[in-house]
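Each structure below appears as structure tokens.
Next come two complexes, and both contain chain A; in the first it sits with chain B, in the second with chain C.
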Partner chain A sequence: MNRLTPYTAVVSARYRNLLQYRAAAFAGFVTQLFWGAVRLMIFGAFYATAEGPQPMNMVEVVAYVWLGQAMLGMLPWNTDADFQEQVASGAVAYDLLRPLDLYGYWFARTLAFRTATTTLRAIPMMIFAMLLLPAFGLADWALPAPSGAALIGFLVAITAAALLSTAITVLAHISMLWTLSGEGVDRIMPSFVTILSGMVVPLPLFPDWLQPFLEWQPFRGLCDVPYRIYSGNIPIAEAASEIAFTLAWTVVIVWFGRFLLSRGVRRLVVQGG
Partner chain B sequence: MSQIEVRSLAKVFRVAERRAGLAGAFRGLVDRRIREVHALAGVDFDVERGELVGYIGPNGAGKSTTIKILAGILTPTGGTCTVDGLTPWRDRRRHAARIGVVFGQRTQLWWDLPVIESFELLQRVYRVPAPVFQRNRDRMVELMRLGPLLDTPVRQLSLGQRMRADLAAALLHGPKLLFLDEPTIGLDAAAKLAMRDFVRTLNREEGVTVVLTTHDMDDIEALCERIMVIGQGQILIDGGIDDLRRRVGNSRVLIVDLEDTVSVAALEDGLRGVGTRDVRVTGRRARIDFDAGVIAPAALIARVTSRFEVQDLFVEHPPIEHTVAELYAEHGEGEA
Partner chain C sequence: MTDSIAMLARYFGVSIRAQLQYRTSFLLSAAGQFLNSAIEFLGLWALFDRFGHLAGWSFAEVAFFYGVINCTFAIADALTTGFDRFGSHYVKTGDFDRLLLRPRPTALQLAGHEFALRRIGRLLQGLIVLAWAISALDIPWDAARVALLLLTVAGGVAFFFGLMVLQASLCFWTTESLEIMNVLTYGGVETAQYPLSIYHIAFRRIFTFVVPLGCIGYFPIVAVLGVDDPLGTGRVFQALAPLAGVAFLGLSFVAWGFGVRRYTSTGS
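== the complex of A and B ==
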């Protein structure tokens, strides 16, 4: 058995488990469909009256919006309710009974949490946006098909985004070792994560003076990088360095998370959960 | 070398105390009053391979703290402890791979997964080679009669079923040391008996060392050759059941079935001057509490048979609950 076996087993068990929540996924799909339509109409109105060239054309914006609606669940905007309960009850100390690296264990669980519900919602959303909308005669509003190279670039970038999102969520989980409740982070995270990732407004549409800051902050790797690679707004030649950017931030956040966790565990084993 | 060696183990918790009232709450913001709680105040013991040790004490005496330290999920503030040569909290991962732990109050299984999937996940988590896993799994499924439950999600199991599954899960990686923290809590009589059977079989047939905490004295009497009693963070008694009884004196109960009903007064009258402690009568059965150090059981029996028509009689030890309660009282401890 290879070294990763325990961790991949945890991911797969938790993933399969979360796939059971089909009704919630369907509700999420309908909500996100509605919001996608609203956002597209706003951007449509904006582009119809805009003068001069914009940093993104309307086709690229449409792709950005639909991908965002499909992948919404993958943003690190909340924490795992299971985990919150574990912290509140003190059961979190019992994770130390497993012969596992604690960070690795939590990362594995969180990766499943971040991706399982997203898979359930993303697939119907993509089918709807790419295939059904043109069938309804709304081809202008449909998710355009990417080029082969852009698709590969997107798949790599979205995988990197999943790792980055997981690392950020694990960080939020670790913070609960001090706060003992997920409520605080659950309130704070959505506001800046949705804005800084580009989920609310695509980052290139922000004012120029903000761009240097937006370019370097980690949340860009969650939406902006993969969605723009998909639409070709980031040329495929630049995709590799953009993905490297996402992964570099992931490494930094994982490192910081491990550091915090080692402090948190010391508290945990001193106070006994 | 003993399997478990514990030397002057100490654990001090620092608890922030709240002051009463609003003013107190504000004062607490700037001037926190910290109270030190000595959960363990220098505990020493050894456990040999293959022993089955009962670890008892009132709530808050330090039982769970000890188990958590031995399991590696709590660090002590003083003293040393080795388990199979490893220090649990320093060599946590290697240690965790070698031991099994069951907490009666809390399942270690994955709540939503069917039992069998939990087992398969544990196989990978503990990196158990497939043939070993299959052997252990089949043995545990047979021993704990889990066959019909394997496809049921853990959350749908009854408490007794869940405890059996938990015990099996703790043993899949073939640990030679098992910690059981209140394994029979909340179980009905049949499930308790079954649980005791499993633990006994594991200990006798598989040679698994077991350290068991419980509030149920029947568990102790049914299972343990050795008992450690902890109170106020210290080991009060470490020995066999007989040691425990001897330690708190020579209390005995003589139970007599008489030919005819006798009043308490008549019975007390007949035993005047003998030195019995208490006499109770229900129907034709009399219970006479006495101290074997004051009057020898044989002498008391002779006296009773000489004065009354006796059908049957036998001498009993008092229930061990009483013994332990007396011990706690002696040490100013416990709510009992």
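== the complex of A and C ==
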């Protein structure tokens, strides 16, 4: 237990730091509500004239859209600006002096960066979408309540998704040891992450011939797996193997990150004096 | 007037040369912009591949809406970086004082803040989609249609420019730039990529009468495409609708004027 204390301290300090920005969180909340509503109307219009059964029904799509809006910040679509500054200024060298495992330290920091604002946003968003929308007479648009088993499956899957997302973000952070600026990754990452995770269009709605590829790529674990477990589109009996899929990719990416970091540290040149 | 245009051209020239100094950064940003909007289009394609049509609209027709609004927004976005950064770069720092001292309109100087070359990524993507839609659609092009399409783009640029001026005007009261306006800018683009007729009536009203997004996208494009509007508007209204974008820009400058008059420097 004692050996974990520095890492938990890092997580909690970053949390308190990031939760300062309440106005920004409110703006984000309204933006995501709007976005969710627009997406629902688009999907609703497609479904209204759809012929035959689809791989997902509209209720499952509604859950997918709202969970996506609630968990948006958790996607690995950018890098930590503080970290970029550290790399650019050379302050990152201090991290090497800490009596901690460097990868573990960065992972803890990044986990907080990835999840702090999301916890602040996700819960109000889910409450709003589940309870208040029906009160406004928009029951068709409301986030459906999950079954007990599906909820537990979802909570486990979303935790696995947070770990996967953190591992991918740490990988992006490590890449800065070579590129020095996070600009490149920050510009390119969002495109791949949003389309391959299912944020743009739920993955089951892509053409059937693309499914074998979509089912094996890691980004699926970020949205597609947890959201479909929540709605029951992935039956609870299959949830365990899907979560194992997410965790397996997490292990691979952590291993690769550690490997890159050990090489990066060896050739690290600290700028300036 | 000619003096102002010459000055703006000079500002833009300097800005473009400055951005080309960082060639890799520029190329990456432009490529990122291109990719981000291309991904959206990929999603659109996937949905049409599965569902065939959207409430009677074909893929090519929706691609036309998509292409026009993305080109429009890319142009407006390139011209308004100064307004976008107004809070953090001018009000908070007190740098707006310097703009006020110069014998030229403040809005003009802000427009000259940067000509964001990286927006070419989105513009290019929009143009490719638009070109494909036009080739797929078999529209009987004539002078009136071309003129209306150009008017639509002009009205759209004016509209999005107006939104950014409004966003900047709010900074006179709040000091910080408010991200909330992103709902109308980026959210507006997202909304206008699809025909207005598919949205809830409350949304349609807001985006016609309050924030005239439909007037610089949906209505005139329906006329260009030559289809009947499921919402039942007539051709005259459709053809004149883009002027609402210009009116919106005019009102935004009125708000800007109010803001400038009540501006007090932060003193920093």
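Keep in mind that, in the parts below, the second predicted complex is superposed on the first by the 267 of 273 C-alpha atoms of A that agree within 3 Å, B and C clash if a C-alpha of one lies under 4 Å from a C-alpha of the other, contacts with A are read in each partner's own complex, and residues count from 1 in each chain.
Note that a contact is a pair of C-beta atoms (placed from the backbone, for glycine too) under 8 Å apart; a residue touches a chain by one contact, two chains touch by 3 or more.
All values derive from a computational prediction rather than experimental measurement.
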*Specify the partner with more touching residues on chain A, choosing between chain B and chain C.*
C
_Just to be sure I read the superposition right, which of the two partners does A:98 touch: chain B = first, chain C = second, or both, or neither?_
first
*Please indicate which partner A:87 is in contact with in the superposed arrangement: first for chain B, second for chain C, both, or neither.*
neither
*asked:* Looking at A:188, would you say it contacts chain B, chain C, both, or neither? Reply first, second, both or neither.
replied: second
*First (chain B), second (chain C), both or neither: which does A:27 touch?*
second
*asked:* By the touch definition at the top of the document, which applies to A:125: first (chain B), second (chain C), both, or neither?
replied: neither
*Touched partner set for A:35, first chain B, second chain C, both or neither*: second
_In the overlaid three-chain picture, which partner chain does A:158 touch, first (chain B) or second (chain C), both, or neither?_
neither
_Residues of chain B touching chain A in the complex_ = 13, 65, 68, 71-75, 89, 92-94, 96-97, 101, 103, 106, 108, 110, 112-113, 117, 120-121, 124-127, 129
_Residues of chain A touching chain B in the complex_ = 1, 5-6, 8-10, 13, 17, 20, 91, 93-94, 96-101, 269-273
_chain C residues within the chain A interface of the complex_ = 25, 28-29, 31-33, 35-36, 38-40, 42-43, 46-47, 49-56, 176, 178-180, 182-183, 187, 190-191, 194, 198-200, 203
*Can you name the residues of chain A that touch chain C in the complex?*
23-24, 27-28, 30-31, 34-35, 37-38, 41-42, 45-51, 54, 181, 183-184, 186-188, 190-191, 194-195, 200-201, 205-207
